[in-house]
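Chains here go by letter, A, B, C and D, matching the order in which they are written, and residues are numbered from 1 within each.
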Amino acid sequence: MKPLLVLPIILPLAAAAGCLLAWRSRVAQRVIGVAGAAALLVAAVLLLQSVWRDGVQAVQIGRWPAPFGITLVADTFSALMVLLAGIVGFATSLYSLASIDARREQYGYHALMNVLLMGVCGAFLTGDVFNLYVWFEVMLIASFVLMALGGERAQMEGAIKYVTLNLMSSAILLAAVGVLYGLTGTLNMADLSVRVAARPAGGVMTAVSMMFLVAFGIKAAVFPLFFWLPASYHTPPAPVSAVFAGLLTKVGVYALIRMFTLVFTHDVAFTHGLITLVAAFTMLSGVLGAAAQSEFRRILSFHIISQIGYMIMGLGLFTAAAVAGSVFYIAHHIIVKTNLFFVSGVARRLRGGYRLDGLGGLYRDHPWLALMFLVPALSLAGIPPLSGFFAKFALVRAGLAIEGYGIVGVALVVGLLTLYSMTKIWSEAFWKPAPGNAAESPAPPMSADARLMLVPIALLALLTVAIGLAPGVLLELSVRAAEELMNPAGYVTCVMGEPS
Amino acid sequence: MTSVILTTTARLLHPVLLITSIFLLLRGHNEPGGGFSGGLVAASAFALHAMAHDARQARRALRIDPHVLIGVGLLTALSAGVMSLAAGAPLLTGLWTSVHMPGLGEWAIGTPLLFDVGVYLVVVGITLLIILCLSEAE
Amino acid sequence: MATWLLSTFVLAALAPWLHRLLRAATPWVLATYAAAMAVHLATWAPQVADGATPRVAWTWAAALGIEFSLRLDGWGLLMAIVISGVGATILLYGGGYLAGDRRLGSFYMFLLLFMGSMLGVALADNLLLMFVFWELTSLSSYLLIGFDHERPAARAAALQALLVTGLGGLALLAAVVLMGVAGGSYEFSSLLSRGDAIRGHASYPAIIVLVLLGAFTKSAQFPFHFWLPNAMQAPTPVSAYLHSATMVKAGVFLLARLTPILGGTAAWQVPLMLAGGATMLLGAVMALGSDTLKRILAYSTVSVLGTLTMLIGVGTPAALHAAVVMLLAHALYKGALFMIAGAVSHATHEYEPERLGGLARIMPWTATSAGLAALSMCGLPPAFGFIAKEAFYESTLGASGWSTWLTSAAVLGNVLLFAVALRVGVMPFTARATQATTDAHEVSLTLWLGPALLAAIGILIGLSPAVCDARLVVPAGAAIGAGETPPRLALWHGVGPALYLSGLTVAVGCAAFAMRRAARLAGIALRKPAAWGPESWYHGCVAGMNAVATWQTRVLQNGYLRVYLWTTLVTAVGLVGYALLRGADLTDLPLSWDLHAGETVVCALILLATAAAVRARARLAAIALLGAVGYGVALIFVFFGAPDLAMTQFLIETLLVILFVLVFYHLPPFVIYSELAARTRDAIVATAFGGMMALLVMAIGGGHDGPRVSDYFAERSLGDAHGRNVVNVILVDFRAIDTLGEITVLAAAAAGVYALLRLRGGRARLPRIAVEPRTTIGSAKRERAETAGT
Amino acid sequence: MIPLAIVVGGLYAAALYLIGRRSIVKLVIGLALLGHASNLLIFSAGGVTRGRPPLIRPGDEALIAPYADPLPQALILTAIVISFGVLAFALVLVHRAYTAVGSDDVDAIRTTDA
């Protein structure tokens, strides 16, 4: 089913265009927004199913054969990522219905959300480096606008840093693509894979790979390029930061994994060794940053960085088991992190802020919310048998198998520190009595809006538990994704056709 | 700002610019030009109008809301691509047909041209949206 | 056994509803459930005693080697019976203890969650599965210690326990994986036969360190013991169950379980004996120096856990056998004593033994149970504790090499515990009545039945040890390497060194009790050095980590965009530059100055305009110069055969200049904020980056010589795509999807501009503020910005 | 070609220097220059050919070598347009940030960091 490959791009685009056409009607935009996200989710499920059944699939856009036209490729990794985008997109669209204010909806919130999803899916599916740049830009501009939409001061401040540093990343990426074309005469990733491998491994190619590493590293928020993330992710409304936290940085990680398994494997000792080192620092500095925070979303933001470290740790170790661990980690993290930001939004709705000293008493007043926080939070900290445990364990196991004791040690200690900051939120926001609140006064019931916000939260929490109780499905997917990534021959053949 | 000279120039230039823009759009496939430059020229026609009169007048002259123009443009480009899906070919595959134009001979008409029209519309829409908003924000 | 295990978790999930449904009957129902489990497990005993090890397994996370496999051996069976049996009494007791509390439903939930997890630890065959349950016990312990979550002390204690045991958990995880690597399997039953391979493996020392870290933190061994007394913030039923009878035994349980695989070497035995012995003595001394009933009991638990560790370290069949006996005896009497302490405090609202007295008359049932349990703790016949102590002495006496030291330590520890037992188990009931006890009354049935049962069983087994000897204790010992034929348990062992030592213990113990004031003072005196003890290390670690975190965040995430920018650039220059210099031969660059006059002029003009734009003082001048640069670039496009590019560049540049003018009209004039030094530094970094990019362009040297994909476009553009302008054909046909993305970018950008200009949230509430120090007003402003949100 | 390389390097250096200034107005000018730098980099990295635009002449069926490589040109066109959109947004963002913060000093924009 080849059209399945393009659906994740054209469905959100159609939805966005529809929202623009109906831009005067808020209700129509809400309907189109949710419908678009739902359609994307369905398409993503079908795509993954089809890739699982038939293996890597490629479609030559415009029927121009690779490497001349642009090829969209879905292997298990990208299909899985598209599915995750679909899940996050759908959950967020539901959540937004209850939590986004009318003014933002009026000014294009739903259209932009769909543009964002389009860019993300495009980046996951494309098999062409310049096209990858284009999708990054689509995703970025949508995120810029969503970040700034609403015009509050904090948003403006966050957006300035977010925009500037991400534009740096885009500029470096664009330059890298240009140089790569100059060096190889092609843009198709599969073709690049062949041509780079055929070249004598020279310093220039490694330099280009470093440019990609920096460009994607900024987008993925690795050490020491992550500054824009903690400066901005806590400023927009909850659903926006949830989608950013869940999806956006993972696109950078995806691109890193794709490029450094498919194209840049000519100098593994240097490049992947460097990535491992970066991973260690990223994990540590992220989690330490979180420990220093005392605001719900800031803690979560710094944790994204820390967990990006885990994701690229698998890439750095560069074995099939390790990459499988990375893939599993990404999938787990997207679901869990999105959910935690959702919960933070509910906490804000109930208590009026994100600062931990102003929160409290949520466990007593809203035990269900507490449970739904506890599931993703403990999963994030790697407590078994939730999804995060398997993610962390897969990486630890892969690391110890090749005697990467240093990085595994860091990963384990960071796990403990993650637990520390999750319990900090739990202790302050949920256990601690609400400040200034008479202990005996009964809690006001949740508003209908807040209860609607709990629906996507519950869905994602259930998913987290399900992955934990039956990790086999996702594990098999990750293992297969890793096998495909580590042996790109199948990918190349699928894109380029059988070598004549 | 509204001087008589500017108003007159704008009135005279308006149709010229619009025709030029369509010319650029159509010839783009064979000569320098295309939807993007054509769109910019068309937008400049209305921008000039806005400078000569004011933004509200320019909006009136445009008749269509820029938002809608963008939406229509996106959908046009998209449908140019999706048509080939219906024909069983991959997305954005060019479908061509030959049309006999009196005086011009055989003309190849295809979905890539429609796609370029979509680009044209989007460019007109966004340029105007930005310029009109900015000049209204005074 | 899988059914019992899973049903416990299901029951945990349903507990709140069950509580709402059944009300006061809930504890009885739950206790019956747990008791039924204990009885059912006991019916397996004959089979297991015959050497059967029933095993069930399902695949779970096969790719990671995690199987859901359970296996019942003697050691696991003993533990499981203790868990479910003591659990039954605790569920009953807990229902009474917290009767009327609105959180009772979640209390049952957490307690059952713990019970299931602990059963999992006891029954899991797959070591990773065991780890899963191990972590769940830590988690449920966290939730239970913090049960009174509105008190800061409870929250702090919960966190401390979680972090300390969590640290051990990490180590254990690594240990398990390393064992799997060394032994080729994660199944305990498979590893049993591969002990030699693991002991001979290069990572054996690492495995030992990690396993010990895991077990010592869990079982509160020195220097990780401090969390356990603090955990007494938990409600008493929790202390009785988790922090004395079961969870803290998990570490010891694991050590014993792994002894057949890892044991038998000095590397294994010496640290166990040392840490165990130190913990035993330290716990006993601290118990004497403590004030409240629960803290005293907690330290005495620490002491016994030390004893168990030491015995496992000794590792002789007799010692392992003694450990089994001791574990069982301790679970019975200590669980009872904790519950009794809770009942006493419940009745009198008094927590210190010195302030209690005369309760024997007022609380006869409780007093009787206390007496029986104390008898066992004192190690006096006919209680089971006596048999345990005798076995203990015999094993230390029989240990080769260290015998004298071990025995002396054992006697000292037991003497102190003897005094402790009198202090908590006897004194409050027999001493003179006090103010606090006058209004006291006997507690309800639910509160005294559990401890009475446990204490009575302790006496029963003492009187007739055969009820559990051959069926439970021997198989348990056999499973951990104590051999199949240990000495039979008996109350009367005949006169021998062990009996003499017992006598000595009683005599000195009585004396110690008589001098308890002095002993207490000694204990209190020890608190001062304890201030620099391991607990202060914990606080130091947490504080240090927080300090490092704050420092790091202040340095890295300092809020200055330009610092972020320069860090990013320096990273880029460093990595790319290093790679470039490392591998490329830069002496052989394909350089050419081949340039026409007009081109040279344009290049020079671009550079000049750029430099002027950088130095421009006026905004309009800067914009004009920016436009000039753009036009210059367009000219280069013209020179080098790119008319489409040039046209677009001209149009865009014009449009941009208009936009800049429109916007800059509202912006303030340029101000030079930076110092000269900062400008110099920035110029250096920027130039370095620019130089690197220039170098890169030169290194590529005019691009790829081989086939390019554009050759295809050159050939096919007209024939297949009906266009002569190849660039345009690429844009709308060959690479049309790029263009689709591009116009989407435009649409989103326009929507953004529109929204930014029209939607101005929070502006009215935020007056124009000049630059201000963020430390003072920053947080207030954050607050405001926050409340202005959605 | 060395002169083009120098122009590219100079543009990057100037752009980054401006982006790093504390005046928010200079920042956005720097972003505009950055776009030029990238475009010129792609242009020169792809290899340059004088005066042979990739237009198929009437009568020809294909481009006849030597011709300027059309692909980098198409890429640059896309990049120009994208950076135009992004820049327009950034421009207005800077304007709004200035009114919201009340200062054009980038160093004053640091309340959202830790």
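By our rule, a residue touches a chain if its C-beta (ideal position, glycine included) is under 8 Å from a C-beta of that chain, and two chains touch if they have at least 3 such contacts.
Quantities reported herein were computed from a predicted structural model and do not represent experimental measurements.
Across A-D and A-B, it is A-D that has more C-beta pairs touching.
Note on chain placement: the centre of chain A and the centre of chain D lie 28 Å apart, centres being C-alpha means.
If each chain is reduced to the centroid of its CA atoms, chain A and chain B end up 37 Å from each other. Chain C and chain D have Cα centroids separated by 49 Å.
The distance from the centre of chain A to the centre of chain C, each centre being the mean of the chain's C-alpha atoms, comes to 25 Å. Shown for chain D are the residues in touch with two or more other chains, namely 19, 24, 37, 41, 45-47, 53, 55, 71, 75, 77-78, 81-82, 85-86, 88-89, 92-94, 96, 100-101, 106, 109-114. Among the residues of chain B, those touching two or more other chains are numbered 30-32, 36, 67, 70, 74, 78, 81, 91-92, 94, 126, 130, 134.
Multi-chain contact residues, meaning those touching two or more other chains, occur in chain A at positions 13, 16, 20, 61-62, 130, 134, 137, 141, 144-145, 148, 151-154, 160-161, 164, 168, 175, 179, 181-182, 187, 230-231, 235, 289, 292-293.
A complete topology is adopted by the chain contact network, contact being made between every pair of chains.
Residues 53, 55, 77, 81, 85, 88, 92 of chain D are the ones that touch chain B when the two sit in their complex. Residues 2-3, 6, 10, 13-14, 16-21, 23, 59-63 of chain A are the ones that touch chain B when the two sit in their complex. The part of chain D that touches chain C in the complex is made up of residues 1-26, 29, 32-33, 36-37, 39-41, 43-58, 60-63, 65, 67-71, 73-78, 80-82, 84-89, 91-96, 98-114.
Chain B makes touch with chain A in their complex at residues 65, 67-68, 70-72, 74-75, 78, 81-82, 84-85, 89-94. Contact residues of chain D toward chain A in the complex are 19, 24, 27, 31, 34-35, 37-38, 41-42, 45-47, 71-72, 75, 78-79, 82, 85-86, 89-90, 93-94, 96-97, 100-101, 106, 109-114.
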